[in-house]
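Next up: some structures, all given as structure tokens.
Same chain, two partners: chain A is paired with chain B first, then with chain C.
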Partner chain A sequence: MSIKDDKAHAVSDAAAGKKGGGTILLFFILGFAASMVLGWVVFPQLLYSTKSQPFDFNHALHNEEVGDCESCHFFRQDGTFSGVPSLAQCTDCHADVLGESQDEAVFVQQYVHPEREVPWRVYSRQPDCVFFSHAAHVIKAKMDCATCHGDIGTSTSLKPYQENRITGYSRDIWGQSIAGFKTHTYDRMKMDDCAQCHEQAVEAARQAEMMDPVTRHFRQEIAPMIYPLDRQAAVGSSVQTQRDACFVCHK
Partner chain B sequence: MKLDRRSFLSFVIGGAAGTALTPLPWKLTDDLSIWTQMWPWTPVPPDGAYSYVSTTCTLCPGGCGIQVRLVDKRAVKIEGTPGHPVNDGGICPLGLSGLQLLYGPSRVDGPLKRTAGRGAGRWTPISWDDAIGEVAQKLAALRGDGRPQAVAAISGSGRGTFSALVERFMTVYGSPNLMRPASAADACEMALYRMHGQQAMAGYDLENADFVLSFGSGIIDGWGSPVRMIRARSLWKERKVPLVQVEPCLSNTAAAADRWLAVAPGTEAALALGLAHVILSEGLYDYNFTAFYSAGFEPWRQMVLDGFAPDQVAQITGIQKDVIVDLARQFAKARAGVALWGRGRGTTPGSIDEAMAVHSLNALVGAVNRQGGVWALPEIDYIQWPEAEMDATAANGLQTARLDGAGLEPHADARSLAHRFFTAVAEGKTDPVEALLVFEANPLYTQPDTATVKKALDKIPFIVSFSSLQDETSAYADLILPNHLYLERFEDVAGPAGLNQALIGLTQPVVAPQRRTRHAGDVILALSQGLGTPVADAFPWESFEACLEETLGDDWDALVANGYVARPVSLPHWSSAFGTASGKFEFAGTYRPAPLEGDKGAFPLVLVPYDSMRIAGGTAANTPFMTKTVGDEILKGNDMFVQVNPQTADSLGLREGLYAELSTPRGKARVRIHLTQEVRPGLVAMPRGLGHTAFDPYLAHKGVNVNALLGPVDDPASGLDAAWGIQAKLAKA
Partner chain C sequence: MEMNARQHKFGMVIDLDKCTGCGACMVACMAENNVPFKVDETNKRDSITWMRVYKLTNGKPYPEADACFLPRPCMHCEGHAGHSPCVSVCPATATDYSSETGVVSQIYTRCFGCRYCMAACPYHARYFNWWDPVWPDGMEKYLSPNVSPRMRGVVEKCSFCYHRYQLAREKAIYEERDEVAEEEYQTACTQACPAGAIVFGDLNNPDHQVARIVQPDAHHHFTGHSKIAFRLLEQLGTNPKVYYLTEREWVRKMCDQYNFGPQAAGH
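After this line comes the complex of A and B, so read on.
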């Protein structure tokens, strides 16, 4: 190729550039728009598969019958939380078909009589590495179930279970909003949501402590003199919870 | 409009910019991190309600109390029961890993019938009704022929209600041929019977002893009740109680002892008598006991004084005279000195002379039935069943001579001589044995000289194993009627080994049977029903559980709740403690070394087995967890190392790690060499408990079974197997 040819090319390219400025911008916008559609609309559709529960369950009805959440979702004697009721609990009342609904018939025929546990899909199931104590939150801190679980207790049917195809957990952990926005405390169940509440609690505790002059004096003036090396540890390494060890929350 | 390079790049840049403004990259990153931290194929144990069941471990005779932690109905952890009289919260590696047996691959799924040659491993599953029917039919036919004595049985559990049930079945059926696997308990019982005149087991008040002289007993290698012994050893250390270990090799116990006497193997009895010589000649013995409560003291004393002076004993044992004199004085002057016998874990009976010589030392210092000494504990007599009625067939069968010669001259006081049974059957010297029932025993692995055992089994046309696990003997049986595993069944454990308390432990179901198994007690009840009157009449119980509940009576509720009951032990005064003809303690025991098997010219070395807490050597085999704790100097891959002194190795041209062929008159094996000063020159030490051929891939074919190389040696004084080793040869492979 000669030098002349190169020059000729450069000239024609420049001409085309002037001509195609709009085209390039158009393609930019096209790409931008396509990816926005992909990211905001298509991706969430692809990410989650919708699965149904073994049969429908009416929380509101049961709540009326038994009175409160604790009758079925109770704390055991050793303080552990029972979670989703086992078949044995259900059969206390449902040894045979009680109502007339189709779901009840499915329940009794497919699970009660063959003594098979119901394979419920649990919306709030956390990964195995999460250590969470219901007792610390519900009994000690006196939190309501609804703070984290929402108004499921008043629902008349179970919503479809949206399973994350990658992780296998429910969509409710990340939240219905793919952008991660939330309006209620129970909209998401990620670590940031734990942290949000804990940060508030830590701040409140700090404020309360500051108001007690004796404690404040001891913490700020005397303790560092007695235990100069312990200061870091005493504060706690977790930003969110001020706990000293990772394993308090992470198994 | 044309899609050229620029437009395309523009499209991609637009796409990238847009993507960055969507949740896609951030959400994907989050999901992928969750995915990689919790691989979906990593099993996550299901959560549930936690609970504990208190039961008793039966994997060894130690009788430890265990608590099994359950999540819902699944057993997830075995722990020692806090406050239990035997182990107080402690547990050994085998007990700890019992769940690997429960859920492991070596369980027998259900009743099996052999479809190809013995040991070929080809089985067909059959129903329980067919299985029981087939056994009942065979037993009924033999009984109909008037030959009930042609049925033999081996029952490993030894004591307790199940064992009594097997004994009752064999009695009413009409066969005297019920045996138990040999162990040090045989020699212990016999020594106490001869010297105390009662059927009793030795209980050692070790927590109160202040000088412990152990003749090869593996205090921390599994002797007695292992957890209790390790505790006792720690207690002695704390209280500065000296432990003197007499043993040819530096076992863990010898290493942990305050003093180790590397005695020439097999001469332990001579050393005991040498010590007695010093105690007698220096007048250090308990005058009160020897003068008023013992018989035969004078002739025994004379025998010791004549033949076992310290310089003579020094020559026999290789222990210096000064050491013998010094040790004897220390032992005699201790406030509560106690001498122990039973080599290693107590797998083999050993010489009765040795047991009696060591126990005579206890008697000399007045340690019999004394605080800090040895107590003779009679069997706890809670099994009170009405006498069973027998017909003429049973009476005739029972009058025939036992095939192992136990209870007959010259072995009138032996209760079971399993090794003689197999030898006799293999040699074809007995009336034919038509059927063999094996309960909780694995003779094809645990009996010395496995080749002879196999030969004996070959001559028995009908072998029924009741094993829960696919052990060597069940692999060689015709029918397997699998028992529940110990975590699935009821059983009682009377008097844990070596414990100085009258304790009954209850083993109870922790989980529902995991396989199609049935309690062997229930199978015996079903068999008795199948045989009809009069056998069936001796078993009025609906189930084994009902039988056990009735037998244990008022203790049942406490047993179910706590897992054990302790009955008070009353130690009778010496004046009424002995059931001998003279009503006194009878001194006995001398040194008559049983010759080692094998020609010293062809087999110049001596093979000695040793026991370790990391290797289960009895009917219970190693769990995968335990095998992982075995060091590389013992087992590497499938190769097993024998321990040899460098001096011995030098003379044979062997070096560390080399392969060698170890041969004895009974067999040969390919091993590797580990050089160590812990073993006397001329000895080859080999662990007991490896070299299984059955079970599962985690255990099979790892190392060599020492019992394939050893052979039994009849103790002339008792008929028990007195072998502690065998002549052997090592050559480069």
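After this line comes the complex of A and C, so read on.
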């Protein structure tokens, strides 16, 4: 009798164990899914606060009027880049309301007449430790604005500014994809993105230099003997990383 | 970045017989580079001075008594192939040697404050930020935007006013020139020195004044050709890019233990 009872218990225990295992698996899957949603969807929503610009701006319209980016975003005489135009530049044309848009009325009433600079939120603002030379990229390397800034020049309105609550920087620095994927060069503006392009440039220069064996032999063997003062061209100028030296982009 | 560009080696030569010890270089350096200071600066072990003027005395009674002032920036040691003492020990790649400019860089946001570099530096040229900088009211507006301020817990040091080179290069690019002229890139201490004791330029460029004075001997570990030129702690082999000049032998002996001319080839 007792043996039979034990057997019955064992059978029901096994059934219960199987059932329990299923429940645990279900909870695991649900928990996993929930934490994934939390991490990939909810957290990014919480991390960024959406802020609007003082008023909307139509890049496409202005581009049609003035013709190119450099008319407003110009280089100063000393080679530095002016960046976002100051109020004085805008008032060259906008001393009074020109069009019929509500945003321009706001601009003229709240900023032009009281002579207040517009507190634009800059999507590409970088930390203090970054040195970026527009001249080196635009004039020397002949890069297009759109390579880093995207199609902002043809946009008809400003997108909302998503500010990282922790760092205070724009979401455009990390990129829209929280996983860090990017399809265009202008999707992100992190150090990795600068480094990626710089590494390609260093590699291209190295390849070009090593093209023919005579040059290679001269540069590696003969030149250091004749000109001991001149350093042999390294892969990159950094001794630590063999890439571009840190002070190329830092200050 | 520029593989075919000339390899610069920015360096300095300081004439100790011209230096009066006025300290203008120290002031200019602090103002130029947003160097933080405290209300009480009496404890020199935790204060920050990228450029520091030391006073040397020969310890003799009058009339032989003599004093010499020795300004000490970062030496930007080249070591062997860019392996300067601090760069070799940095576990964070926060400090780096550039073969393009010969400048030892320090990236404050990369530094985590282990201070190995401070222990490795034989010149005490590196300083640790024990506190976040606190500026007197209103002074924040006078900080230079071209130099990033440092935070608590990182090491900082003289950069040869590298931001000035960055800006000078930007201007050169804008004007479609390949090279930055000698007078376009000068450090703040060089320009501030009323006695003209500090000369700064490219040691690789024979047209630059600094190269003409020093004439670094590439076959003898870049020691200066002149008999009155020497470098601090030459025998350590740090291969610094700051040279000193003095006619006074006791100063040379004190800084160097013995004169390391091109004749004394052992290193």
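Here, the second predicted complex is superposed on the first by the 202 of 251 C-alpha atoms of A that agree within 3 Å, B and C clash if a C-alpha of one lies under 4 Å from a C-alpha of the other, contacts with A are read in each partner's own complex, and residues count from 1 in each chain.
We take it that a residue touches a chain if its C-beta (ideal position, glycine included) is under 8 Å from a C-beta of that chain, and two chains touch if they have at least 3 such contacts.
Because the structure is predicted, anything quoted here is derived from the model rather than measured.
In the superposed model, A:Leu46 lies in contact with neither chain B nor chain C. Residue contacts after overlaying the shared chain place A:Phe27 against chain B, while chain C stays out of touching range.
Looking at the shared chain after the overlay, A:Ala105 reaches neither chain B nor chain C.
Using the contact criterion defined above for the overlaid structures, shared-chain residue A:Cys93 touches neither chain B nor chain C, since it reaches no partner. Judged by the touch definition given at the top, the superposed model places A:Phe75 against chain C, while chain B stays out of reach. Shared-chain residue A:Met210: touches no atom of chain B or chain C. Contact with chain B, but none with chain C, is seen for A:Thr167 once the two complexes are overlaid on the shared chain. In the superposed pair of complexes, A:Asp128 makes contact with chain B and with chain C alike.
Note: residues 78, 80, 127-129 of chain A belong to the chain B contact set and to the chain C contact set alike, using the contact criterion stated above. Every residue of chain B that touches chain A in the complex is listed here, in rising order: 1-4, 6-8, 10-19, 21-24, 27-28, 30-32, 34-35, 37-38, 40, 44, 47-50, 72. Remark: chain C residues 1-4, 6-7, 9, 81-83, 87, 90, 93, 95-101, 103, 105, 107-110, 146-149, 159, 162-163, 166-167, 169-176, 204, 216, 218-219 touch chain A in the complex. Residues of chain A that touch chain B in their complex: 17, 20, 23-36, 38-40, 43, 47, 76, 78, 80, 82-83, 86, 127-129, 164, 166-169, 174, 178-180.
Chain A makes touch with chain C in their complex at residues 75, 77-80, 127-129, 131, 133, 135-136, 139-140, 198, 201-202, 205-206, 208-209, 228-231, 233-234, 236-241, 244-248, 250-251.
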